[in-house]
C-alpha cells in the first residue's frame, strides 16, 4: 500500500510487564531456574499506558522523557520487539509484532547502547554481511555505501574491528547499517548518548539530511532537551508511560516558558544594551543575564557570538534549560496536550 | 513453485555467508583456534580411554560385546558432533540476551532462532567431529555387522535424531534465558548428563535410573536404543519393540515441539535495558 | 585464602549442579565397573572391588582438585589481565608464599568436600577400605607428596601467564594430561605396557596412581621406599624449576610495570 509507506501509527498502545521478584538477580543458576517454575508471585508494572501517536512520511518526531518514562518501551513496541498488551500498532501498513519479517524490511533501527555489528570483524565486513541478509544488489549496496561515506566519513575507520571503534564511530556505522536497505521509517533509541559534541552534530546533520532530502520518517528517543531543540520540529513528551505533550518543539518551550540563558560578565556596562535577538532579564553590576527575545530563533552558540561582538565580555556562561525545568513547567501548566492531529 | 525454491536457496546462501563471516572473526585469534581444537579432543578423553583401553581389556558390558558398545559410543559422539556444529550457540544465549542482541535480531528480516544459531562459529565442533569420526572408524573395524542399506539409513537417522533430541533439550533450556539470568552452567548440566549416561548400555543401570533416562530425560533414544536395534537387541532394550525401532523419530518430535515453544516464549520476551 | 570457600557457601545454590554431577558420576562409575567385571575375576592385577575403589577415588580427585576461582575473577590469568597481579609483589608476604597459602586454602576446601564424599562412599559400601593400616599409611604419605608435585606443576602453568597473556591452552593441556596420566580416568594398570613404561618417566603418575595403588593393595607396602624416593626427586627438581621461574617472573613484572 503506497499510501501507508512511511507512516507510523500507535493507537491507545499499552504494555504491562509482569515481573517475578528476583527474576533478574545475580547468581542465576539452578535456584533461579527452580524458582521460575515454582514461585507464583507476580508484580505488574505499566510501562506504556495508552500512547497514541501518528507520524507522517518525512516527519521527524522526538520522543522526550526522563529515564524510565517508557520511551524505549514505546520504540520497542513500534519496532515489533515487544508485543503490546493492548492497543494497535501499524508501521508502513504492517503490524510489526505479527508480520515481523515484512516489517523488518521496511524499518531501520539504531539502539544507542548496543550495536548490531559483528565485534571481531572490520565494520565494512559487517555491512557486507547485512547486504546479504537484506538481499541488496551489488549496485544498490555500492551506491548506499558511497552516500553514507560522504556524510558520515566512514572510510576513515571502516577497516577497524567493531570492537575497537570509539562510540561515535560505532554509532555512525550502526546508522549506515540501519539505512542500508533504504527503509522508509527509522527508529533510534538514544543514539547520541555518551557522544562528544562534534559527533553529535554530525549525527544530527545526517538525520536531518535523511529526512529533508530522502523523505524518511524518523522517530527518535532522547532525554536531552538540547537534542530536541536542535533536531526536531515536533516533540512528544512522555512520562510514566503517558504522552504529556505532542506538538511543535517551540510550543513546548513556550508552554514551559523555559529557554536557554546566557550569563555574561562585562568589563564595563554600556549605557544602552542592544544585542539583536536577545533581551536582558537580569543585571547585577557587571553580571548580565540574557534570554532570547520573543520570536527569536537564536541558538546558544549564535548568541554567544553576538554577545562577544556587541559587548566587552570577559566571562560568559551558557545555561541550557534541562529536562527537569521543562517537565516541571509542563506539569505546572496541567500537562496540556497540544492538538497535533 | 519456483518462488519458494529460490527463497530456500537464497536463505541457505545467507546462512553460509554469515557463517563465513563468523569464521573469519574467530580466525583472527589463532591461539583460540588451536585451543578449540584441543578442547574438543580433551573433553572426549575419558570416552576415548574407556573405549580403547577398557573395552579392549574386558569381554563386554551389561551383556553387550565390546564392539557393540563401541558402536553405541560412536553413534552418540557422531550425533553430539552434529549438535555442536549446529546448535552450539544455544548454549551462549545468556550472552546473547545480556548484550541485547535479541532486539537487533527481531528487527532483521531473518528468523530469530536462525540468527541465534549463527551467533558464533562453532570452533570446538571441529575437535568433537574429528573425535567422533575417529571413534566410529575404530568401532567399524571391530564390529562384525552385516551392513545393509536399511541399516545404514537407520544409522544416519539415529545420528540426526539424536542430534535433534539433544538440540531440542538445549532449545528448551534456552527459553529460560528470555526472562531470567541463567548462567551457562544449566546448559552444561544437561550436556554432561546426556554425555555421561548416553555412552553406555542401559542394562548396567538399575531399573529406576533406566526409567528416568528413558521417559523423563530421554537419553535412551540418543544412542542406546538405536544401537540396540542395529546390534539385534531391540527387544531387550527395556522398551517396547516398536518404540525401539522408532527411536530416531523421538528427537525430531521433541525438537519441533521445542522450536514451537521457543517462538511462543519469544513473543513474551521483555528485553533488557531502556 | 578464605575468598573462595566463603563465596561458594554464600551462594549455596551454586553447589547444587556440581553436587548433582558428582553424585551421578560416582553412581555411574560404580555401575560401570561392576558391569565390566561381570564374569571376570581379575584383570590387570585388580579385582572388581579394587578397580571400583580406584575409579571412584579418581572421580573424586577430578571433581575436587580445582576450586572455582574463575567466577571471582581470581585466577592467575585474570589477575594478570587486569593488572592486579602487581599487588602480589607489593605485599609484605612474598608472592611465592601468597600463592602457596592460596593453594593450601583451595586444597583444604576441596579436600574437605572430597573427604566427605569419601566417607559417604565408604559408608554405603561402594568403596573398600585399605587391606591394612600400613597400606593406608603408605597411601597417605605418597598422596601428600603427590599433592606437592601437583602444586608445583600447577604453579608452572600459572607462571606461564607472565610470558603470554592467554594461557587457557596450557591450563587445559595440563589439566587433561595430569588427569589422564595420573590415572583419574581409568587405572593406569589397564593401559598398554608401552604407555605405562613411558608414564613412569613423567611426574603425573606419582601424584595419584601410586597412592591409589597402595590404597587398594595393587602395590605392596614394601614398594613404599622406592616410590617415595621417586616422588622426592620430582619434588626437588620441580622446586628448583619453580624457584627459578618466580625470579624471572618478578623481573618481568618490574619490566612491564615500568
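We call the chains A, B and C, going by the order they appear; numbering starts again at 1 in every chain.
Definition applied: a contact is a pair of C-beta atoms (placed from the backbone, for glycine too) under 8 Å apart; a residue touches a chain by one contact, two chains touch by 3 or more.
Owing to the predicted nature of the structure, the values given are computational and were not obtained by experimental measurement.
Each chain gets a centre from the mean of its Cα atoms; the one farthest from the centre of chain B is A.
Inter-chain contacts peak for the pair A-B. With centres taken as mean CA coordinates, the chain nearest to the overall protein centre is B.
With each centre defined as the average position of its C-alpha atoms, the distance from chain B to chain C rounds to 31 Å.
Our note on geometry: chain A versus chain C, Cα centroid distance of 57 Å, whole angstroms. Distance from the chain A centre to the chain B centre is 44 Å, each centre being the mean of its Cα atoms. Among the residues of chain B, those in touch with two or more other chains are 185-186, 189. The residues of chain C that reach two or more other chains are 14, 17, listed in rising order.
Along chain A, residues 29-30, 32 each make contact with two or more other chains. Contact residues on chain C toward chain B in their complex (touch as defined above): 14, 17, 20-21, 24-25, 27-28, 31-32, 34-40, 43-44, 166, 168-169, 172-173, 175-176, 179-180, 185-186, 190-192.
Within the complex formed with chain C, the chain B residues making contact are 31, 34-35, 38-39, 42, 45-46, 49-50, 53-54, 57-62, 185-186, 188-189, 192-193, 196-197, 200, 203-206, 209.
Those residues of chain B lying in contact with chain A across their complex are 10, 13-14, 17-18, 21-22, 24-26, 28-29, 99-104, 106-111, 176, 179-183, 185-186, 189, 267-274.
Interface residues of chain A, counted against chain B in their complex, comprise 17, 23-26, 28-30, 32-33, 36, 71-73, 75-76, 79-83, 97, 100-102, 104-105, 107, 109, 111, 113-114, 116, 118-121, 125-126, 128-129, 132-135, 161, 189.
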